[in-house]
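You will see two complexes here that share chain A, one where it goes with chain B and one where it goes with chain C.
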Partner chain A sequence: MWQIIGQDRIVDLLKRSFHEGRLSHAYLFIGPKHVGKMTLSINLAQALNCLSEDKPCCECNSCRRIASGNHADVQLIQLAQNSENEQAPARKAISVNQIRDMQYNVNLKPYEGGYRVIIIDGAEYMSDGAANSLLKTLEEPPPNTVFLLLAVDEGSLLPTIRSRCQKIELPPLPSHIVKEALMERWGIDPSRADLLARACQGSIGWAISAIDDEGILEERSQHLDNLIALSGSDITERFEFAADLATQFSKNRVAVRERLQLWLTWWRDLLLVKGNCLEFITNNSQEGVLGQHAAQCSTSAIGGAIRSIQETMQQLEQNANPRLALEVLMLNIPYVEKEEICLT
Partner chain B sequence: MPEVFYRKWRPRTLSEVVGQEPVTRTLLNALITGRVAHAYLFFGPRGTGKTSTGRILAKAVNCLQNASGEPCNECAMCQSFNEGRAIDLIEIDAASNTGVDDIRDLKEKVNFAPNASKYKVYIIDEVHMLSTSAFNALLKTLEEPPAHVIFVLATTEVHKVPATITSRCQRFDLRRIPQAAMVGRLQYICDEEGINIDPEALALIAKSATGSLRDAENLLEQIVVYHGANVDLQQVRSELGLTGDARIKELLKSIISKDIQSGLTIINSVANDGLDLRHFNRELIDALRAMLLVKAGADDATGLTPDEIKEMKAIAADISLEEVSQSVKLFSQADFRYSPQSTLPLELALVDYSVAQSESKPEPRAEVKASSQPRKETVKAVVQDEPQEEVAEPSVPVVPQRIPISETSSEIEHIQQHWGDFVKACKGAVGQLDALLRGSCKPVSIEGNTLVLGFYAKSKFQKNKVEDSKYSQAISGKLEEMFGTSYDVHCITIGEENRPVPPPAKENPLVREALAHGAEIIGEEYVR
Partner chain C sequence: MQVSCTQENLSRGLGIVGRAVATRTTLPITNHVLISTDNSRLRLSATNLEIAINCWIGTQVEEEGAIAIPSGLLTDFVNSLPSENIDIKVAPQTQTMEIKCAKSEARISGQKADEFPPIPRIGEGITAKVDPRALRNAISQMVFAAAVDDSRPVLTGGYAQFSGDKLILAAADGFRLAVHNLGLVAPAGEEAGVIIPARSLRELDRLLRDQADPVEITINPQRSQILFRLKDVEIVSQLIQGNFPDYNQLIPQSHTTRAVINVAEFLRAIKSASVFARDGSGILKLMITPGEGIQISARAEEVGDNEGTIDAEIEGQEAKIAFNSKYLMDIFTILEDEKVALEVTTPSSPGVFRPIGDDDWVQVVMPMFVQW
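The block that comes next holds the complex of A and B.
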């Protein structure tokens, strides 16, 4: 059984290719984080190597070993983690050596006689050398070898890599599908499912991990409260906050990026409230505050805030001084009367 | 696992290499006259036939019954090349073997005579990835190789290849494949594979492949696998993420009428259907461009049917040329780089356009509403309500509305409570009234019809100013405006000890930061 949620069309395509024996030797899955790219890849690897009739069964020996990452012919290549030391930043690129090791393995016959599946997670993180050294193998691999490349941003891949793969895009899931899936498969009560479905922004994987871990959702709402308080703060408090955030950035870039993403959803919500489109807002738990803020900010001020958050993200990506960039952002966030907030 | 189209239908003769006539004709003439060079460099974007041409060349020089220059594909030699088992065709992945040692290894083996065929052919693919020393190690061999060796270098990035390498090779630039040639090749593949497909659908595939045949073949295969052997235009459109016109036109109408609500609804419903918003935006821009052309009177340039032009004219009746060009600009600037799947860029473009248009039209300013008004209002109204100053200085909300006295507090307490708001509201009144009042005084008591303002001892300057009738009258006026009663103003001096204590400067993070950088406090003054 294919486990991925809400991507019926893609599953249909892969199923047909599989049953007609016309699978391509290279696929490129493109979609936002946590949307199900890895689940899909694992399922495809299972289908190729499954021992029972209804492929993939997810129950046979082979399928279970693939799911747990213990299958000899399914190889996962991703950013190398420095797991021993949490403080050390993770590697920034997939190195050419990782690809060369893989190329050696690919030229051997599959150990278990089925298909060799190479999954490259975060294909956009391949270094220039790594991507180039993959080209020839990706174009004409040995028989019974399938490459699955997973990427968030298609644009940062080499055009020569893209052109060698069948490109399959996984769009973010509409929130009602996420909500239904959460209620049916995980038995979440409707109000919580609705909250998670909106908060996950179409990345169902995030919602699923938030089911078991209360902390994720709590942290999110805390960050939101911070932001609301920040809108009412004066310049000194804001600069203090920017300094904190900048310190955090040097330790954990991803967390700060996610925080800014969250801010974007907030300002987008304000825009939607202004436009009277309440059904699409993300942070519906804070609807009251949203209404008040929207009444106090002009539409152009909200647009300006969104743009400066985007600019800041871009600057941080380009290694600008984080503190300076964040302070500029603080100056551009519209001021909202604090008293109004206290009433809620 | 059968081979994918782009491997199965790799060209096997020079005439099958489509869209590269200058290159193939030159090579064919060289083969016929026996003037084959010892080193070639093929350069071109992805999927234009660099490796394929190299392989055909290798096959042609070794073909046993080469009559017309083309390989025969029938003799034993040609077949061994086609099946990839020819021992004298050495294909090197330069991106995986980048080092100087790999080239030294190659140089050692170059001198041995070919095993079975006439020429030994080295195809060095992705040659741009060789290291500098590897390139330099290759130079001498490339210039004067043994008579039985032909080098074929292929790359997508010719600027990374040193000039000393390029000058030793015959360089061929392969162009992007023209659409017509690509359609012809795709049609041939479809005929051979038994696929029925509309010519328009093939043209659409060719167009979206932007000159790379491999991209086109990949796309064709994906469509054929999903839809079976009979493919029509509509299926190709949906496969490419093209949405058709229905919702594009709807959104176009929302843009023209500046109806943010319906516009946002359309954008989100498109996203919820899982369509690619980048494609959607591209189509929207096409539609806006068509409107621009129709508006400007260049109907023929749109490429639309007369009916469509008529419809477009009807839609565009209420909008000026200037506005259309503004909207084209904003939507084509929508930046999907940082959030490729998000609706935000489109939403922002829509709102920007609507706001810009409503602001530029001077409409009568509506009555100022209290900030507690219900938020279910249209954006148009909100935009009109906001005074211009607020855009320039959003941190100073002007609160000119009348504040009713609550039952529980006395008159003076009420004024004291709202004194801060009152001072803010004085901004823009006579002189710099708000600056005079801020932090220099506080309302002390009300005696009959007179409001007594207590000035702190050090604020003598402000007191003298305010006692001037020009200012005290202005204050009276403002007081009536805000609190509903007209007061005379009387100023007294109260002790400095009554001044609210400012927070110690050292607690301010900016001051702390300055101190950390070596600043010294030489005096404290609280400005507020």
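The block that comes next holds the complex of A and C.
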């Protein structure tokens, strides 16, 4: 049973190649975070090493050990934790030594006699040295070895790596599929499933982790409230907020990037509300506020805000001064009357 | 599971399998040791996915069972215990191992035994038997020639070729080649050639140290693993994929100069020359003059130089050749023969070392290009 949700076309493709014995030696799975790249990889590794007839069964000893990360022939390479100090942040790149260790192993015959599967999670984080040392192995792979490279951003991979892999794109899932899956497999009640399905933006993994962790959703709605408050606040408050956010950025880049992503969804929703497409909006918990903001902002103002957020994200990525970049963003966010919000 | 054994036995067993426990690994369970009952004995197993070692120790088994326990922790604890009886108990629900010895008690949490990677069991396949002393000797005379860097994986291992009642072990790294022939006690049923990782051969060498009975060798039918069965210990190694180059082509068939040298004397001479060669990119020059002997010299720019002459029985023409001192040292420090023959042709063709009388082994070393 393939456990991945919603990616039927890809599963069909892999199934067919698998049954015909024509699997590629290397696949590059491209897709947003939490969309199911790892689930797909684990499934494929299980199918290759499954002991029963209906592969993958997800129940035999081999499948279970692959799922728990204890299979000898399925190796996961990802950003390594700093070994000396557990408190220290994870390393920023997959090092060439990690790749070399793997290369030594793949030259041995598979330990359990099946297929050796090497999963490189976050292939875009490979250092140039690591990526280059992987090239030769990718080009002349040992028999019975399958490489699975997982990446969010295809563009940051070396073109030489890309051209040596079969590329498979995992698109974000439509929210109704996520909703159904949440209701069927996890038994979530419809209204909550709807909320999660919209908020996850096609990344079902996010929704699944939010099921157990209330904090994730709470944090999200708090960030939204911040944004709403920001729209009605004056320049002093906005600059204070920008300074806070800049401090946060120096500690945790990812969190700030996620927050800007969330802001994008808000302005997108405003556009949708303006266009009367209420069924597609992401933040439907704040529908009332959305309506009011939409009434006050012109389409061009909303468009300007979206452009400004995107520019800021790019500038932050290119190591601009975070405080300056965020202050400029604050100036470009349209002002919305506070009093009107308070009425709701 | 409930067993009792002596501290010495358990400590010795853990020491043996500890060699195969993975230290730095992507698979956390491989730094565990699997402890399971096997009939009336206790079996300890460990694997780093390249080498797997099983070791059986005598125990009193009260109740069967199995568990995987972190190796370092268990070994350190057992080694710290007095040499008395150890009682081991495992509660299956909690996966915790209780160890009692004298007045000391410990609980170590482990993992389920079926999470442990299956230790290969090789029942059938190509089997042969070999004398442990001869095998050790052969391994020590060839394993140093295996390549250290991974750019050509097939060269990082030793090639083992079984044919009839003979076993040929060979290793090469592109600059040198070592081949050793040895006889099998029980001939192999089939011809087979496999590449065994050098690390596994070194581990095997270590384990063979106190072994007297013939070693049983089995290659599994898929030719992916090789098993060496010793007394109470089994070592299974993964094999390296690929084909070993045809090394017979590399051994020169003819020569123009042949010098018979005394191993101890030559070793002394190259040792003193190596002191200078170390600073001079390892170059060691040999001038072979019939009727006089071999002059060995090394020079390190701005440091100094050294010259030594040794006696040798030389046939053929005068010859000059330069070798890397490290390669010569590797060979001569392990040789047990009293005298060996050096065969050379030109300064740019390989030098060959052979034993006198038989052809149990051959060492081929590529020369270095130098200004004479």
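Throughout what follows, the second predicted complex is superposed on the first by the 336 of 344 C-alpha atoms of A that agree within 3 Å, B and C clash if a C-alpha of one lies under 4 Å from a C-alpha of the other, contacts with A are read in each partner's own complex, and residues count from 1 in each chain.
Throughout what follows, a residue touches a chain if its C-beta (ideal position, glycine included) is under 8 Å from a C-beta of that chain, and two chains touch if they have at least 3 such contacts.
Owing to the predicted nature of the structure, the values given are computational and were not obtained by experimental measurement.
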Checklist entry - Should the pairing of chain B and chain C on chain A count as a clash or a fit in the superposition? => result fit
Checklist entry - Taking the superposition as given, does A:Pro143 touch the first partner, chain B, the second, chain C, both, or neither? => result both
Checklist entry - Of the two partner chains, chain B (first) and chain C (second), which one does A:His223 touch, if any: first, second, both, or neither? => result neither
Next on the checklist: According to the stated criteria, A:Asp153 is in contact with first (chain B), second (chain C), both, or neither; which is it?
Outcome noted: first
Checklist outcome for this item: In degrees, rounded to a multiple of 10, the angle chain B-chain A-chain C between CA centres equals 110
Item to check | Partner chain(s) touched by A:Lys15 [first = chain B, second = chain C, both, neither] | outcome: neither
Item to check | Partner chain(s) touched by A:Arg323 [first = chain B, second = chain C, both, neither] | outcome: neither
Next on the checklist: A:Arg257 in the overlay: touching chain B, chain C, both, or neither? Say first, second, both or neither.
Outcome noted: neither
Checklist entry - Should A:Pro334 be classified as contacting the first partner (chain B), the second (chain C), both, or neither? => result first
Checklist entry - On chain A, which partner's contacts cover more residues, chain B's or chain C's? => result B
Checklist entry - Looking at the overlay, does A:Ser163 come into contact with chain B only (first), chain C only (second), both, or neither? => result first
Next on the checklist: Just checking: does A:Gln103 make contact with chain B only, chain C only, both, or neither of them? Give me first, second, both or neither.
Outcome noted: both
Checklist outcome for this item: Across the superposed arrangement, the tightest C-alpha approach of chain B to chain C, in Å, is 5
Next on the checklist: Using the superposition on chain A as set up above, list the residues of chain A that contact both chain B and chain C.
Outcome noted: 100, 103, 143
Item to check | Footprint of chain C on chain A - complex, ascending | outcome: 61, 65, 68-72, 75-77, 100-101, 103-105, 107-113, 142-143
Item to check | Partner chain B, residues of chain A touching it in the complex | outcome: 9, 12-13, 16-17, 20-25, 31-32, 99-100, 103, 115, 129, 132-137, 139-140, 143-144, 152-155, 159-160, 162-167, 169, 171-176, 202, 236, 239-240, 243, 264, 268, 271-277, 280, 291-292, 294-303, 306-307, 310, 313-314, 317, 334-335, 337, 340
Next on the checklist: Give the list of chain C residues in touch with chain A in this complex.
Outcome noted: 24, 26-30, 47, 49-50, 114-118, 120, 150, 153, 156, 197, 222-225, 238-242
Checklist outcome for this item: Residue set of chain B touching chain A in the complex reads 1-2, 4, 7, 45-47, 91, 93, 95-96, 98, 125-126, 128-129, 156, 212, 214-215, 218, 221-222, 225-226, 241, 260-261, 263-265, 268, 271-276, 335, 337-341, 343-344, 347-348, 351-352, 355, 359, 371-373, 375-379, 382-383, 386, 390-391, 394-395, 397, 508-510, 513
